[in-house]
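In order of appearance the chains are A, B, C and D, and numbering begins at 1 in each one.
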Amino acid sequence: MSRVVLPYGDTTGDGAVQLSFTLPVPIGGAAREAARQLCLKMNLENPQVVAMRDLGGGYTFFIVYARATRGVDLDAIHVPEVSAPAWSMQEIDRMVAEKIGRPVRVVGACTGTDAHTVGLDAILNMKGYRGDYGLERYQGFRVWNLGSQVPNEALVAKAQEVEADAVLVSQVVTQKNVHLSNMTGLVDLLEAEGMRDRVLLIAGGPRITHELAVELGFDAGFGPGTLPSQVAAFIVQSLLERQER
Amino acid sequence: MSRVVLPYGDTTGDGAVQLSFTLPVPIGGAAREAARQLCLKMNLENPQVVAMRDLGGGYTFFIVYARATRGVDLDAIHVPEVSAPAWSMQEIDRMVAEKIGRPVRVVGACTGTDAHTVGLDAILNMKGYRGDYGLERYQGFRVWNLGSQVPNEALVAKAQEVEADAVLVSQVVTQKNVHLSNMTGLVDLLEAEGMRDRVLLIAGGPRITHELAVELGFDAGFGPGTLPSQVAAFIVQSLLERQER
Amino acid sequence: MSLTLNIDPARVARARELAGRIVDQVQPFIERHTTTAIERAVVRLFGVEGKGPDEVPLANLVVEALQDGGGLARGAAFWMANACAQTGRTPQQVAEAVAAGDLDLMRLPLLPEAEIRAGAERLARGAVDRIRENRRTRDALINRYGERPAPWLYLIVATGNIYEDVVQAQNAARQGADVIAVIRSTAQSLLDYVPEGATTEGFAGTYATQENFRIMRRALDEVSEELGRYVRLTNYASGLCMPEIAALGALERLDMMLSDSMYGILFRDINPQRTLIDQHFARMIQAEAGIIINTGEDNYLTTADAYEAAHTVLASQFINEQFAHRSGMPDGQIGLGHAFEMDPSLEDGLLYEMADALLSRVCFPNAPLKYMPPTRHMTGDIFFGHVMNALFNLTSVATGQQIHLVGILTEAIHTPYLHDRFLAIENARYLFNNARHFREEFQIVPGGRIERRANEVLARTLGLLEEIAARGLFQAIADGVFAGIRRPADGGKGLDGVLEKDAGYLNPFYDLCLKGGGEA
Amino acid sequence: MSLTLNIDPARVARARELAGRIVDQVQPFIERHTTTAIERAVVRLFGVEGKGPDEVPLANLVVEALQDGGGLARGAAFWMANACAQTGRTPQQVAEAVAAGDLDLMRLPLLPEAEIRAGAERLARGAVDRIRENRRTRDALINRYGERPAPWLYLIVATGNIYEDVVQAQNAARQGADVIAVIRSTAQSLLDYVPEGATTEGFAGTYATQENFRIMRRALDEVSEELGRYVRLTNYASGLCMPEIAALGALERLDMMLSDSMYGILFRDINPQRTLIDQHFARMIQAEAGIIINTGEDNYLTTADAYEAAHTVLASQFINEQFAHRSGMPDGQIGLGHAFEMDPSLEDGLLYEMADALLSRVCFPNAPLKYMPPTRHMTGDIFFGHVMNALFNLTSVATGQQIHLVGILTEAIHTPYLHDRFLAIENARYLFNNARHFREEFQIVPGGRIERRANEVLARTLGLLEEIAARGLFQAIADGVFAGIRRPADGGKGLDGVLEKDAGYLNPFYDLCLKGGGEA
């Protein structure tokens, strides 16, 4: 079976798409045509340049509406999703007490030169995020939050020292793909230290998806809007699964 | 030779493009992936879904940034452009007096059910547009402005009656491509009446380009921002060319 | 306390008095006449629905037959009541018989006049009862859910297909819309009949039909229930069928209607006499139905310059208020229109917009003003347009507007897409909430730019009203006083539908609705 | 008349007095110490530029040599002046010789102290003359072109490549920017040296180097000439090299600099002692150069809640003002930072933002306040973000801010693209023009929400300042009073660069700049 969908404006299947971009072409009829042709190369139909603005220096900004012609088959989409059960803090704490019998140890950091601690703090600090308490508040967790700009080496050393069950990494700055090298660097280091199998490795940040994290060798990735309890539930569930094995 | 350009964000050749669209898919990981794949089908690279909003009813709105990969060759672009000399009202009036020897007669209308007279009035009324006087103000023109909602038949009849040199049509409403049928209908009618060769046929409106107008059998098309003097110059120049033939 | 202007009440009273005088000059003429549209409205109010041969609505067939036979000046009610009494049939059956050619209303023997009058009144009372029942239903629902805080978010749908409209309307409501307007198919105002049935093909809008009204009303009642708030429905009455569509709106519980002769005259070239006569009846029915009317002064500013022509808007609002009063409409139903249409490049434009919006507020303290967003200066630059709409949203909440037509960033491009509406609502809700008590927190500096602007607009309004009072309304319209558009009194479409009432003219609705026939 | 708040001046005076007391508690400590960065700044001011072996800047090599030799506590000026006099070489030649290992500054025989002092002062005077010359050039250009009306449009460029930055900066200027900020490569504040030369590779920004400063200054002078208005240049001094970068900014005619220890302490974990000592020298040089500093209080609100933590911003502004005064900086150069960072879902948020912005305005009437746009609550929804920026723009013009960092709709996504900046400038220019005289047209309702909010923030500020005065600034920072971040006085980076001044410490700039050494 296949369920192919197209973008929707006001009629099913109309394919309506809005685009904007700048071309290094001085404003004018040729620029408009260049913008149109660019859209045709995107397999778009009937591109309408609805605005054309002179940015100066021979650059022109365009706003275009057009129709997408190639739909997406929903049945062919399989996204790996984090399977975090919807447990409350109380449930998680009880589960840790009953089934693990000791607090879960987690170490978290913003690695490399990343100084954006707000996202990591949202997960780890008492206060938590949007009314959902952070891991420090859990009876079942012990948390070491190393803060910002932590070199991978320092993070791994700390994880080793406290015998961490899980290592949590936040990556916000993604320019020049610096997050990718930070993340793969960490995986390599953990493997070199023979620790990779002993810890759950979790990443988070506005441009992190579970799919990307798994691809880079992490156990899970969490994106925008993540709540601490989702992360806690994922960790506890994963540890329980490992216990059973 | 070829000069291929790509969109520009902050580095030459980065291909930066912004898109937004709605898919008939409930918000979630699969929706995000569907949006991503849709962009891949547009030959875009590295699509980043930066916003995903729930519109209700199983629809999701996306904002995406991505990189266009297929550039446009500027040297292969040839847009027919209206060649209207940059003449002032005074120059045009003098030219009409000296070389045509009688006022040029133009009939204008918003045809079909179109009631948007502002654009046509901008060209025809005394007052003009953005400080550029309208054709009524010219000594060298006589203007019949038929206003809104004029059937093609009435327009042709009037043109016949006053022996118009030029017929000016404004089309603002473009939904369901009603402007296209209005415009081709007019061409057919003029041809049926054997008048097509005797009048300059000119269209205008926010979605009219010279290219489109010519394709539909008009002599010229004028888009947003057109000034009356450009239209006057085009008319006079074309009439002079015809005289010479 | 709330943001207000220091304006001399005597000058406002003077403007109102002049407008009253202007309207009184034409009111006798209006009351002396009826139109084919009014008579068709009567027929529809009597319960006639559906089409005859050649797709012509039954109401048209009945009225045309009477017009052709020369009997229309006595009123359709007269003939219909007589026929019902004589044949024992319902109005619907009578109309169907007329359509089938089986019955000639004017050939039937006539009952004594008093009996006909009584029969007509009975038929009319049925309609009025249904209309009042609708009104009670609306009140009950609003009571149940609670009234929405102003400004109300007014959103348009315009797919051309009533069933797609339903999808868009319900989603708009879920996204926060308080009022849904179903945009009509382009130029329906020029049709001299109301199409029948559910329709799925329209240009840039969906035909206003009784069945479409019903479908959308049901859909909105459904979503109102789902959301726990009453979502209002509105459509357009203006045009050659104003009284008929007003009647259908009353019968199908529309909550608001765009209903303004001035719009039809100026922008649709409808004959001024015809539509002013029509309007008097239409508004009377709307008054009865508790329908808030919306007037179209905002449209002037799409053609004339908003900074220069603000006084034409205000003058027209005063006149429109008087016309509405003459139809028995209370202030609370008179949704006078105005707009945020100044050129965005104007220095201090925001302050002048605030001045104008406050001035309307001050002049019509009890009217549910309808405030229209920037349209004219919207371009394809959706980003800039979205910001213009934000200032419009701010001005609306800051000056206490009631009905807020939500500005859409793609105004210059297409009728709204699903997400255009979402983004627009989000913009408006952000502003309304983030500047909720702006009105209570700021005062206007006395004698400053805002106050000076308002006083100047009022002065020019008084001047214009004086001039119209001197010239007469028909002449003023012919002279292009509004929006610079000239419309002679005997030009335009629909004059052939106007006729002088016969001495024995019968139309029970005037009595029931206007002369103490209000809510029992 | 202009929009203002009814605030008791005695309470403002009290806040200022408390801040003065807080600063006086640490000022003696600051003045007793110097740092490696200050000494490198001296070396650079003496004209030393370029790198030695292993890419290490000459200034670092000289200062490290002195530190290793134990002579740094007398001041680099002392050794350099002696060396120049003894060898007859320029400071540059001396530094090169040190780098080459040909010269050991501390092994040279010492001239009599008075001679060394005189020599050092001569060298310093050369630098100060150049700095004053820059200042005169700036004044002359502004005089020629005319000063720009506030709020100034402050735009960032951040390509990482100085040559791409030039393209973006010149275009931004053409689009309307009044101030161009070249964003630094991520974490340059952690480098304990200033890179040399033109650079083309940076992360999320371009390295601050003397050559990059020069290139951009030239580019902006060029475009200033083209446009007929003076386009200001700014960069970041905060971090481990604050005094050095401040010196380079002074030498290369930067017009503004982000220069604030608190930022480094809280967000870069720089040692509090180190950076406060550095800041004293840095601001002194900036004062001399007529450079407007920008402080970083806005950043607190990216971490703490803007509604809750507004008083921490105000308290910090009072303290920062005192620190600047201690460096001889007049109010007109103290660009205190604050920000529009409240959650957009807050009811009346716009009014509270106005309250806070006005309060800063009232407390620091002569400071060129730097107002930062929404960043924290910006998401990938560029449409909504663009509207938030519109309200920020409105608030800025309505409350009379001076330096306006233009909010960019793609804040949550990437450093600005060419057209992002264009759209953002258009938004700001629209608001500034369309609401130009908002300030003169509105008054705040006495005792209303805005005034109550402002008084409450001031009350909490006073409470906080009392507490800090009681505890001492270092302890307060350690306790996490600002932005909830705890920084102990002996933690963080750079403490190893702090040293107590020797009795014979020599640094001629303190005398020239602070003690009556102002403009001749």
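The rule is simple: a residue touches a chain if its C-beta (ideal position, glycine included) is under 8 Å from a C-beta of that chain, and two chains touch if they have at least 3 such contacts.
In this text, all values refer to a predicted model and were calculated from it rather than measured experimentally.
Asks: Tally the contacting C-beta pairs at the A-C interface and at the A-D interface, and name the larger one.
Replies: The comparison resolves to A-D.
Asks: Please state whether the interface between chain A and chain B is built from the same residues or different ones, using more than half shared residue numbers as the mark of same.
Replies: same
Asks: Suppose each chain is reduced to the average of its Cα coordinates; what separation in Å results between chain A and chain C?
Replies: Inter-chain centre distance comes to 51 Å.
Asks: Just how far, in Å, is the C-alpha centre of chain D from the one of chain C?
Replies: Measuring from centre to centre gives 60 Å for this pair.
Asks: When the C-alpha atoms of chain A and chain D are each averaged to a single point, how far apart are the two points in Å?
Replies: 34
Asks: Could you put a whole-Å number on the gap between the CA centroids of chain A and chain B?
Replies: Chain centroid spacing, chain A to chain B, equals 44 Å.
Asks: Hunt down the residues of chain C that sit against at least two other chains at once, touch-wise.
Replies: Expected reply: 379, 383, 412, 414-415, 417-418.
Asks: If you look at chain B, which of its residues touch at least two other chains?
Replies: Chain B, residues with two or more chain partners: 8-9, 16, 18, 20-22, 48, 53, 59.
Asks: Note which residues of chain B are touching chain D in the complex, please.
Replies: Per the touch definition, chain B meets chain D at residues 8-11, 16, 18, 20, 48-51, 53, 63, 65.
Asks: Over in the complex, which chain B residues touch chain A? Could you list them?
Replies: 5, 7-9, 12, 16-25, 29-30, 32-34, 37-38, 41-44, 48, 59, 68, 70-72, 74, 77, 79, 81, 207, 209-210
Asks: Which chain D residues qualify as touching chain C in the complex?
Replies: 1, 344-351, 383-384, 386-388, 390-391, 394, 409, 423, 426-427, 430-431, 433-438, 440-445, 448-450
Asks: For a test of understanding, state which residues of chain D touch chain B in their complex under the given definition.
Replies: 158-159, 161, 164, 168, 379-383, 412-418
Asks: Tell me, which parts of chain D touch chain A in their complex?
Replies: My answer: residues 160, 167, 170-171, 174-175, 186-187, 190, 203-204, 267-269, 302-303, 376, 379, 412, 414-415, 417-419, 422.
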